[in-house]
Amino acid sequence: MKKLINDPADVVSQALLGMEVAHGDRLRVDHEHKVVFRKDAPRSGKVGLVSGGGSGHEPMHGGYVGLGMLDAACCGEVFTSPVPDQMLAATTGVDGGAGVLHIVKNYTGDVMNFEMAAELAADGDVQVRSVVVDDDVAVQDSLYTAGRRGVGTTVLLEKLVGAAAESGRSLDEVTELATRINGVGRSMGLALTSCTVPAAGKPTFELGDDEMELGIGIHGEPGRKRVPMTSAAEAAQLLVDPILTDLPYGTGDSVIAMVNGMGGTPLIELYIMYGEVQRLLEKAGITVARCLVGNYITSLEMAGCSVTLVKADDELVGLWDAPVNTPGLRWGV
Amino acid sequence: MGDTIEVAQFSDWMRRYAGVIHENAAMLTELDSAIGDADHGSNMDRGMSAVVAALEAGEFASGADLFKKIGMTLVSSVGGASGPLYGTFFLRFGGKLGDGPVDAQALGVALRAGVEGIVQRGKAEVGDKTMIDAWAPALEAYDAAAPDGLDAALRAAAEAGAGGRDAATPLVARKGRASYLGERSAGHQDPGATSSVLLLEAAAATLA
Amino acid sequence: MKKLINDPADVVSQALLGMEVAHGDRLRVDHEHKVVFRKDAPRSGKVGLVSGGGSGHEPMHGGYVGLGMLDAACCGEVFTSPVPDQMLAATTGVDGGAGVLHIVKNYTGDVMNFEMAAELAADGDVQVRSVVVDDDVAVQDSLYTAGRRGVGTTVLLEKLVGAAAESGRSLDEVTELATRINGVGRSMGLALTSCTVPAAGKPTFELGDDEMELGIGIHGEPGRKRVPMTSAAEAAQLLVDPILTDLPYGTGDSVIAMVNGMGGTPLIELYIMYGEVQRLLEKAGITVARCLVGNYITSLEMAGCSVTLVKADDELVGLWDAPVNTPGLRWGV
Amino acid sequence: MGDTIEVAQFSDWMRRYAGVIHENAAMLTELDSAIGDADHGSNMDRGMSAVVAALEAGEFASGADLFKKIGMTLVSSVGGASGPLYGTFFLRFGGKLGDGPVDAQALGVALRAGVEGIVQRGKAEVGDKTMIDAWAPALEAYDAAAPDGLDAALRAAAEAGAGGRDAATPLVARKGRASYLGERSAGHQDPGATSSVLLLEAAAATLA
């Protein structure tokens, strides 16, 4: 394992030290709880947005804290959900009287820890709601399983809901919006290489030179199936087809699209992928209203990419274009 | 070893488990690499080191006190799926212990309460390929052997837990991270079931 | 070689197709010449800024085209300088009557091709100046050698000079500023892995699990020397020490600092590195006025990072904070 | 083969060189991996394919016309260091050829002009570990053997070029990308010197 770290056990807290000095103008870090706060949190009268999850997905979530996006992000160990104490500290730290929305990715650990935190916060009478993002079409949804994972839609949702909260919408409205966005968000990902969890010290899985993993999440897990390595054009099809099949909308609609790198794929390849994805959407009669191409929700140094589509209407495009000022996403300010 | 358990023995159990987890952390993480995200060993190791530190720092008058602390410590330090699950287990387990010495039957009641806590949190059933696949047969075996005393009951539980763990290996996971793998999860041993059996084995070695 | 591409010979033109659809609101692509233009180029009366070089360093340079930064970027093959025709097309395409500055990284190929283009452009009476960036302290400077490479300072220089050009400064002023910035810019980089040039099909060099390359450029070349793999703290020292030794300024001064990833190093590690770098600068009595942490000038999927310092005075900080709207760098707008 | 060169032979030279470059592209890139950026083979291959396409597309009345086109084509298609260097070589080379048939002496004059172009562009001297290390001894050997005719001169040039290329291998590079490696560049064969020798060998096989 070759990583620019000092101690595998200390990766998260040391990265937070770096974030704090790099972005001290906009962010504040609670090192005890490993929570990244917007510098001016809590903002009175504004619904607080809290997200969090395992680390290793940078810039998510700490990099999405700031004006027009999150008020706080809880940083768990690498690929490990944070603990309720962290979410509680974040929740009480951002509550400006208008309540707090937890944005939770659908993983057993994340859901349970956020649930425990919400129970604790309710005792202290902060009004807490939560939305669970579950947009990964690689996973069959069913009542009898853990359901779909939360992946790329999380990024777009945090931006969109962040803008809504910034504009003064109520906790009910913000929660409704978040639920609606999750309902029209779909993602699918693939990996060309494994990543190495620092504490594990070796790659999570081995993959041949002629293979890739299709239907991966964001924790360096193996995917739904192993398929032969293929061209960008075919890889795009492998990602877009299952999304199109699953979309609760289609021809004539427009979307916010993201082609996301898993951390180790160069931007030049992501642009090739975006070209392919765009062509497939065009063929399906879907217009891209806005897009992101880059590393937005990653799995350490994994090579690979994912595609996310969120149906866009005028309201969402307006929220998308609203100012955002975070380390990971910034415009309009 | 008598037929009731002292608070000190509970501490021994936890210390022994912490040691066993530390020794087996790489193995647990390896299992979690195959069908999860390669952190179960480090998660449990981090949690049990925190538990040992809590044991050093505090005095505990009763098993109830001790396990309340342990449950809270795990909830606050592990994260992931295993943090809330093991945390809830010990909180509920401790909640049933009462103040006095604990006999085989009382321990059985506490274990069952702990496992019910896991089920409540995680909503897994036997056959979902989770730690529940170890715990469910372990509880049954425990109850069946409890009349023969603590030692017999705990040994039976550990053995049945191991059997349940192994029986889950061929299954396709329906809960937890392994469920995302679909058919590919079959043939792999569940990390949480494995750490649960280690807990039962440590109990058999320290509580009877 | 596992890459999300269609054809190793076609990587650059296909990535440009993706860039065009992703950023069509701000950019225009001349596919024949592989030049990325600012959509509203040429801007009458504004000095045009043209840069370019081999591809594989994304987001540089195409991702730095837009308001407040470059007017055009010429995209060569991967790690290969573009040809004079490209620079000529870019130069005539951005000239708004106020002349054009070529921002050239000091590599034999880049320098010669830009030189030939400038000769050709002068025939067509566009006024052309050029600045050659040579900031890499890993390379001994000497009259008898090719001199130092141009690396990280290029990014900061394009931003700063871009703001100056946007504000209406003359070609002389802009050229003088660029030269001045290059004079106070220093960089040093290291690699943990090689990258694979698509047309070559295999890693440029092999590196053991306990080794790293110190003093690398940005073309996937091996470095100045091979050293044992080390901690983030020591790696930071290996990069910062030679920079400090070489700086034409020091204690009491302030800088714009960049911790840059080579493409395959996750952001979480770059933040750890930034924390270490910041600490070393503090010890040396140097204040960080502004910073960048991320993948800004890369070598495909190479793991590793570089540190760049540019001395900052009030003028430069003002130029830094001025609005910029490019795919790779955006704020204030 | 006579003692003067026809335009068709110049075309043959270029076609043959294109083929040789294509066959040796991987080897040239391999050399460039060790002390450069792993693109010399693909650079030259791209350029010489463009040259072949230009030969197909056009008719050339004289060597001067032909090499003007070739030089421009290389400048416009190769990039990197080798594009301007080989491009300038052929532009200057062609500029000296004149309209009539080319004899051994005239070819020598043209070669020297080409190499002077490389030196003007790249400012390298013998010993800097660049293609100049092949060209400089090649020119000398050519001139010395020119009285014996084209064939002898070109063979001598190719051989001396190879000697120069090999003599540069132990050197530390002072120009081009290899110079960034410092001491580590010693012991590696220079890619550009290698492709230059291939060009001379192709000349010996086609022009005499």
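Letters A, B, C and D name the chains as they come in the text, with residue numbers starting at 1 for each one.
One rule holds for everything that comes next: contacts are C-beta pairs under 8 Å (C-beta built on N, C-alpha and C of every residue); 3 or more make two chains touch, one makes a residue touch a chain.
These are the chains along with the protein names UniProt gives them: A, C = phosphoenolpyruvate--glycerone phosphotransferase; B, D = Dihydroxyacetone kinase subunit L.
Note that the structure is a prediction, hence the values are computed from the model and not measured.
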item	value
Touching both chain C and chain D (chains)	none
Omitting chain A while every other chain stays put - resulting connected groups: B | C, D
item	value
Most widely separated chain from chain B, with each centre as the mean of CA atoms	D
Inter-centroid spacing, chain D versus chain B (mean Cα positions, whole Å)	74
Inter-chain centre distance, chain A versus chain C - centres from mean C-alpha coordinates, in Å	29
Whole-Å separation of chain centres (CA-atom averages), chain A against chain B	32
Chain centre separation in whole Å, for chain D relative to chain A (CA means)	54
Touching two or more other chains - residue numbers and ranges from chain C	78
Residues of chain B touching at least two other chains	none
Topology of the chain contact graph, where touching chains are joined (line, ring, star, complete, other)	line
Residues of chain B defined as touching chain A within the complex	29, 33-39, 41-43, 46, 75-85, 121-122, 174-177, 179-182, 184
Touching residues on chain A, where the partner in the complex is chain B	54, 76-85, 107-109, 112-113, 115-116, 136, 138-140, 144-146, 149, 197, 199-200, 204-205, 215, 217, 219-222, 224-225
In the complex, chain A residues that touch chain C	1-7, 11-12, 14-19, 21-22, 55-56, 58-59, 63, 78, 192-193, 209, 212, 229, 231-233, 235, 263-276, 278, 288, 291, 293, 295, 298, 300-301, 303, 305, 325, 327, 330-333
